[in-house]
Amino acid sequence: MPNAIYIALIPLLPLAGFLLLGLFGRRIFKNNSGVIGTLLMMCATIISLYVAYGYFFEYGKVNGVYQKLIPFKYAWLVFSKDLSIDMGITLDPISVMMLVVVTFISLMVHVFSLAYMKGEERFSTFYAFLSLFTFSMLGLVISSNIFQIYIFWELVGVSSFLLIGYYYDRPSAVAASKKAFIVTRFADLGFLIGILVLSFYSGTLDFNELISRLTAPGSDQLKAAVTSSFMGISAITWGTFLIFIGGAGKSAMFPLHVWLPDAMEGPTPVSALIHAATMVVAGVYLVARLFPVFAMAAPDSLQIVAYVGAVSALLAAVIACTQTDIKRVLAYSTMSQIGYMMFALGVAKYGGENGLGYTASMFHLFTHAMFKALLFLCAGAVIHFVHSNEMADMGGLRKKLPVTHIAFLIACLSIAGIPPFSGFFSKEEILLAAWQQNRTIYWIGLITSGMTAFYMFRLYFSIFWNRDFNDHHSAHNHHGEGGGLITIPLIILAIGSIVSGFIPFGNFVSSDGSRLATGFHASFSIMPVSIGVIGILIAGWLYKKQSDKPDKISSSLNGLYKTAYHKFYIDEIYLFITKKILFNLVGRPAAWFDRNVVDGLVNFTGNTTQVISEKIKGIQSGKVQQYAIYFLIGAIGLAALIIYW
Amino acid sequence: MNLSVLLLVPTLTAIAILLARNANQSRWIAFAGSAIQFGLAFALLYAFSHERTNGNYEQMLFVQQYNWFPAWNISYHIGVDGIAVAMILLTAFIVIAGVLVSWNVIYRTKEFYFLLILLSAGAYGFFLSLDLFILFFFLEVAVIPKYLLIGIWGSGKKEYSANKLALMLMGGSALVLVGLLGMYFSSGHEKTFDVLRLAQLHIPIDVQRIFFPLLFIGFGVFTALFPFHTWVPDGHSSAPTAGSMFLAGISMKLGSYGCLRVATWLMPDAAKEYAPIVILLSAIAILYGAFATMMQKDLKYINAYSSVSHCGFILLGIGMLTKTAITGAVMQMVSHGLMTALFFAVIGMIYERTHTRNVSEMGGLMKVMPFISTIFFIAGFCSLGLPGFSGFVAEMTIFMGSWQNTGLFYRVATVAACMSIVVTAVYILRAIGQTVMGPIKNQDYLQLKDAKWNEKLAAIILILGIIAIGVAPFWLNDLVRPGAEIIMQRIVK
Amino acid sequence: MSEFFILMKSELVITFIIFLLLFIKIGKGMKNELLLQWIQILLLANCFVGFIDNRDGVLFDGMFHTSGLIAFEKNILSLGTYLISLLCVDWLKKTPHLPEFFILMLSALLGMFLMISSGSLLIFFLSLELSTIPVAALANFDLDKKISSEAAMKMILSSAFSSGVLLFGISLVYGATGTIGFASLPSHLDGGTLQILAFTFLFTAFAFKLSVVPFHLWTADVYEGAPIAVTSFLSVISKGSIAFIFISTLYKPFQALHPAWNNMLVIVAICTMIIGNLFAIRQQNIKRFLAFSSIAQVGFILVGMTANNISGNSSVVYFVLVYTFSNLAAFGVAAVISENAGKENIDDYKGLYQTNPFLSWIMAIALFSLAGIPPTAGFFGKLFLLTAGASAGNYWFIIIAALNMIISLYYYLRVIRAMFMDKNDEPIVRVKNNPMVSFALIICAVGILLVGLLSWIYEYIQSLA
Amino acid sequence: MQPGLNQILFISTALFFIGVYGFFTRRNLVTILMSVELVLNSVNLNFIAFNKYLWPNRLDGVFFTVFIIAIAAAEAAVAIAIIINLYRNHQSIDVEKAEEMKY
Amino acid sequence: MSLSTIIFYLLATLTLVSGFLAVTTKHIFRAAIYLLFSLLFIAGIYFWMHYEFIAAVQIVVYVGGIVVLIIFSIFLTHQSGQNLPKQKLGRTIFSALAALCGFILILVQVYQHQFVGTIERSVEASISNIGSQMLGVSDNGYALPFEVVSMLLLAAMVGCIVIALRTPKEIKEGGL
């Protein structure tokens, strides 16, 4: 059994970093903040690598099956004997894998930022937030309790909010951070209700218990969850679906993806860490965590997962082809790749060969983290150099930024699924899984794969080839590539992007914990690879040299292009719903109602009293005879009332 | 522990303030008094937990009872259970913070502090009392100081607001009074105001049916039960900073505590019968308050309306009548008290500097006042229920408890309540985004100074409270849950 | 014979003082200030006499009876009179007819004592007149003021009319029962309609003196026109005494008519509270304002009376005690300001706190007590009245009463607001404190604050009742 | 019809309400006072009649009447004094004009 | 119909008629005279009932005291020759209606009531009886009311003196 303290240190070190830097950073550490944060992160990374080694090779496997280990659990908030929010640590293949991914990418980003963010006014704050995010993400992945994951889920959301809004004086950044938070919050509403549903039927919040109760055939809890229904859909389907909504929100699945492109307002390292490699895959992770329930008790929900994933993958790819802001292109590509992971999960089944999609999804998550982080960091380096996000301001940078260029190329090849880069392996598995289970999705995936290759190389060529770089755009970019702190992370990640594909992932991660043999199917790979190559060639044809070909094509595809360029007007729809419906049709009437009707009623009561008081003042006429008349009437009336009533 | 000390200290402090020779003296006396009380509150917490861990499972601990008006069976009867301890802690936190943020009050300082401490004495007494008569006594003690605080030191249309507040609260307490009398006269031939005695009696259901609504609405007025909440926005917005803090942090809790301790506990059958109405009203309040908040431009109005929404959670928890929901309701009382006090404190700090509370006139305050802006962030995050802060714990407990009620109606109400977390996020982020983030709109703001020591101390005290609950909710849970259990025992029966 | 002196000691002391004053007047006369001091000492002595050897007893063939409770009630009235003599010292010093003023006032007080002690309708009627006619004359004591004589005229005519109705009622009672003694009345009353009619007429006389709607119309005008000393005497002492005799009349001789008078009380109590409050809202003159507020207060007394048990009786007595302190404090402040600044409008009170914090605090405490805000005694007083009323089971009635407290709070707060919140460029100038007035005001304030918290006072009354 | 209690009661009641009517309608203060005297006399009549026809065993009614007459005198004296003073201040004894204080 | 009956009805009619005229006549002196007559006729009714003492008191106090006082006050306050100001018609009708209602109510109640008298021996209202009871303190003694009335008369006298008889300075300021 592993030592819980070690594992607990992994999230606690970044937390310590956050507290240290957040409370004292501005005053005491100042420019050393980055170094402190990075060192703490490095310790965490080392520990997590150590833990991963230990888990996968020493104690994790019992009788050929990777066990779910819970070295630590503390009842944080007890609702009843069974229901309690625990703070615990789960070790299983995916959580260990995520530990490694998160700490590793985070470390890279920390290092990268040392140079990238240098000289920022709120340098220590940046590192504090970065540490906070890492802490939250690590807490999320090791959660042993569904409520614990929700807690860290929210914390991840808020750190994302803080980091996107890092440049708080830019209105666009403020708006983007708000949007990111609110959209994911909306999704979390689903998550929350899903938790309520599942916990109600299973009677527990603990993952292990919950999964075992809801998957054990014939258990009372499962029976109750399947038989009770709302609107004709069983409770378990509702529960899992609602939880998936939460996941979809964080993972930017259609139609909750709108926040992700805007989130690129944050500093680029942040985009690399949060909006590419780690946080956005939390949704995938969540579905994977509850995969047995999805697969065995709620196959309908899993279907939805599959289709949402597929649609998102395709849609994002289409949009990515039209964007000109390089970070946005990357953002949409992220969304597209996560769509892959999602539908891979969606087409998987529990156990054995049928669980291929699960393994593939996790595999892709792993490789994607590497090459996407690399892409973003490269983009960061480029932006650092050019001081612009627009493709139009770039071109011909391969001479200026040689390391970046190579790293970017590796990443592009990887994402395009060209062997032997890592993306090829994971994507092959995904497509294979889809082919085995659901042909429609396979074709969507295939098309998307081709488009991925196209837009990535469009990006690549536009940045590094196309035309000669014009120095006049920004007179002060004489700092070159930015030294070791910038290039070392790129190199490390590039290596990672290459080698990670060769990891025999099926050995470690599978839906039921036992080993899954994943062979190399050369015959199956021909189609995807060739489509990828075709995409690359088209991109090269169009963008390697400056020409008017792209414009022509885009104008010939007028309607479609425009729609895609405007992201299918989804933002506008949201704006309509929030501004027009929520604000004008709900909020404004509510405020009006409150001020005029509810409040009016109170004031009316007051005024009526005053008015009556004014009206009846004539009784007190000042004439003594009238007083006597009232006296007599009162006396007689009272007597008559008592006598004759 | 002798609970009377908790009453004595504020009373003596108030008298000492009256005897103070100048403004500065009265400030320090108030601070010293509230600091002593703060310490006493923790001593109470310690003593209480100590007793409990030593196996003392009496419903109420540290009970004191002296006959006061034997002719009416009125006694000075005080004691605490976990819920009361939590509320007293809350009060202590807010009082000390309120005293600190009012350091800059220069107009009639002595009177200001006197009223502040008097108000707190009323609140302490209310939470301590186990006799309905003295409970009502303290409830009313707390009304007039509010009126004067708003009317004299307030801003805006303060006289209107003060009047409205005093009259509506008086109206509420009038209903409470009738309800109390009803219970008194239906408590068998002995006729008692004693809460513990009443809790053992079985009041006939017909009587409960009449008096439960009176009591619940009466207390509900204090705690902004829809549609009796209209004093909240006006009152809060017109009050001086400490006034708003006390109003939202303590005064509204008097009502919710009354709803729980008096109405629900003592009349469990009617509570069960009326639960759907309570739930309906509170669910409306939650959503309606949240939506109304979205449209506000004045920071204080934003927080006031959000208080309506948040207090709706309290009532929802009470209405749901499950152990967990009631625990959550009490947690929400504490949490909302601290959070809203912090919010009002920071709004006060901002207002003092910018002289406006209109969000559209501000912007970019982060640049000039990082400390205050950070507090603003924290208050906002707590308000929108972020983990790590108290609001999350309370709300989730309420949701968990509410979900235990099967039945479509309950489910819909719970989901509606859950939905408010999104709306809350919208208006909180809007407020934050417009005030502390973004570019600086008014160049005069560049001269503004950040928080002073007293303001920092006040904020830190409140934040510590919030985080103590948010990070380690188990202590509060352990404190409150047995109390909720006792209440539930009568309901289940 | 010695028992005669003991039982009638209060009346005898008052009579003694009256004759003493008469001799002083007839003789050389004294300077006002010195005389006033002597009178105050005598009144104080009278208060102390009230505490000596109180026992139950009956004199004059049952026409006069006394008990511990009655002695206590007389003490309240004596104390109130003493306080008035202190509070209105500024006005009293100036009046040219000081001995006559006290002769009349003490005659009225004597009438009240006798009224409380009365054991037959005859003595009740006579002492009622004795307590009314001199006060009507007193109301005219600002001889040159138009409103003063107008007030006196209204009072004497209204009371003449009221006594006409009362007498008609008494005559019918006499005709229907053949007795006018309280002790023998119960055995002759059977609740017949003529008896109810006759009783209603009797009831109106109480209602008239107690300012119960719709018999209250004289109140405000007389309060406004009369000198403040007289107004406070009317509103506190006179009302208190009537409340005492009213409740004991209802509870003992007319107990047989309980269903009838209970309904009457409910009806008029509701009217009284509502009308009193509605009129009080819009008053500008502080005396008139207090007049209507005291009408509303009477409504609460009636609520307590419906209890028809010991606690009803004791809570009414208790409330009168509280009310004495509260109203006298309010009138005292009004008197000081009226006498020193010549201002009687509520608007003139704006910004009073800036110049006269002491007076403002006293006024505030008094008004809070009248409004029934804890920890003042008014809270306890009102609460006990309502509790007593609720013991009869009329909860909707209690709700109306409780809701009326809101309206009353509204107008009391109006004065508070004027004093504490409103800005005024020309507030009433600082009034120099007369030690006697301050002393009386402090007594009132202490009374307001302590009578409620010290529960033995209520217990004592309860034990007497 | 033999005159008896009922007849006298009729007279007294009628006289009472004649007085009341006068009290309501007369505008001169002195005449209002006269109406009051009528009212009091009607009551006296009542007492005497009851004493004679129903309760002759005691003299309660007679005594009541005597005291009422005395009170009437005192009341009239004070009332007239007040009226005279009012006349000095107002130069009129029209009751309708003495309405400075109202509402 | 005996003479006694005739006398009674005559007295009754005259009492009511002169009483009515006293409250309706336009001239104030006439009103006083009608009042005087009405009071005298009431004294006649007392005679008729054989209450001579009360009749005597009635004549002495009312006719000799109060009516004289009233006439005196008329002289003091009335600008002679003028008719009394007329009351508004509405008020007159309203007052009449109110009085009528009251009259009917009382009459109905009185006539419905079965008066039950005593069967005990009657006590003669002779002067000696009245006198001895008036000053008696024990059974059937009226000493206390007597004292109260005397205090009242004293107070009324003091009050009248203060109000009606102003000092010269006051009169100068106050007019008259």
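Letters are used for the chains, namely A, B, C, D and E, taken in the order the chains are written, and counting of residues starts over at 1 for each.
Quick note on the criterion: a contact is a pair of C-beta atoms (placed from the backbone, for glycine too) under 8 Å apart; a residue touches a chain by one contact, two chains touch by 3 or more.
As the structure is a computational prediction, the values presented were derived from the model and not from experiment.
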Set of chains whose contacts include both subunit E and subunit C: A, D
Top chain pair, ranked by number of contacting C-beta pairs: D-E
Chain ID, smallest distance between chain and overall C-alpha centroids: B
Between subunit B and subunit A, distance of the C-alpha-averaged centres to the nearest whole Å: 36
For subunit B paired with subunit E, centre-to-centre distance based on mean C-alpha positions, whole Å: 69
Cα-centroid distance, subunit B relative to subunit C, in whole angstrom: 42
Whole-Å gap separating subunit C and subunit D, where each centre is the average of the chain's CA atoms: 27
Residues of subunit E touching at least two other chains: 91, 94-95, 98-99, 102, 105-106, 109-110, 115, 117-118, 140, 142, 145, 149, 152, 156, 159-160, 163, 174
Of all residues in subunit A, the ones touching two or more other chains: 606, 617, 620, 622, 624-625, 628-629, 632-633, 635, 639, 643
Subunit B, residues touching no fewer than two other chains: 167
Pairwise chain contacts, counting only pairs that touch as defined: A-B, A-C, A-D, A-E, B-C, C-D, C-E, D-E
Complex contact set, residues of subunit D against subunit C: 16, 19-20, 23, 29, 32-33, 36, 39-40, 42-43, 46-47, 49-50, 54-55, 58, 60-61, 63-64, 67-68, 71, 74-75, 78-79, 81-83, 85-86, 88-90, 95, 98-103
Subunit D contact footprint on subunit A (complex, rising order): 617-618, 620-625, 628-629, 632
Residues of subunit E that touch subunit C when the two form their complex: 105-106, 109-110, 112-113, 115, 117-118, 137-145, 148-149, 151-152, 154-156, 158-163, 166-167, 170, 173-174
Touch list for subunit B against partner subunit C, complex: 68-72, 74, 133, 136-138, 140-141, 143-144, 147-148, 151-152, 158-159, 162-163, 166-167, 170-171, 174-175, 177-178, 181-182, 184-185, 210, 214
Subunit E partner contacts - residues on subunit D that touch it in the complex: 1-3, 5-11, 13-22, 24-31, 33-35, 37-38, 41, 44-45, 48-49, 51-59, 62-63, 65-67, 69-78, 80-85, 87-89, 91, 93-94, 96
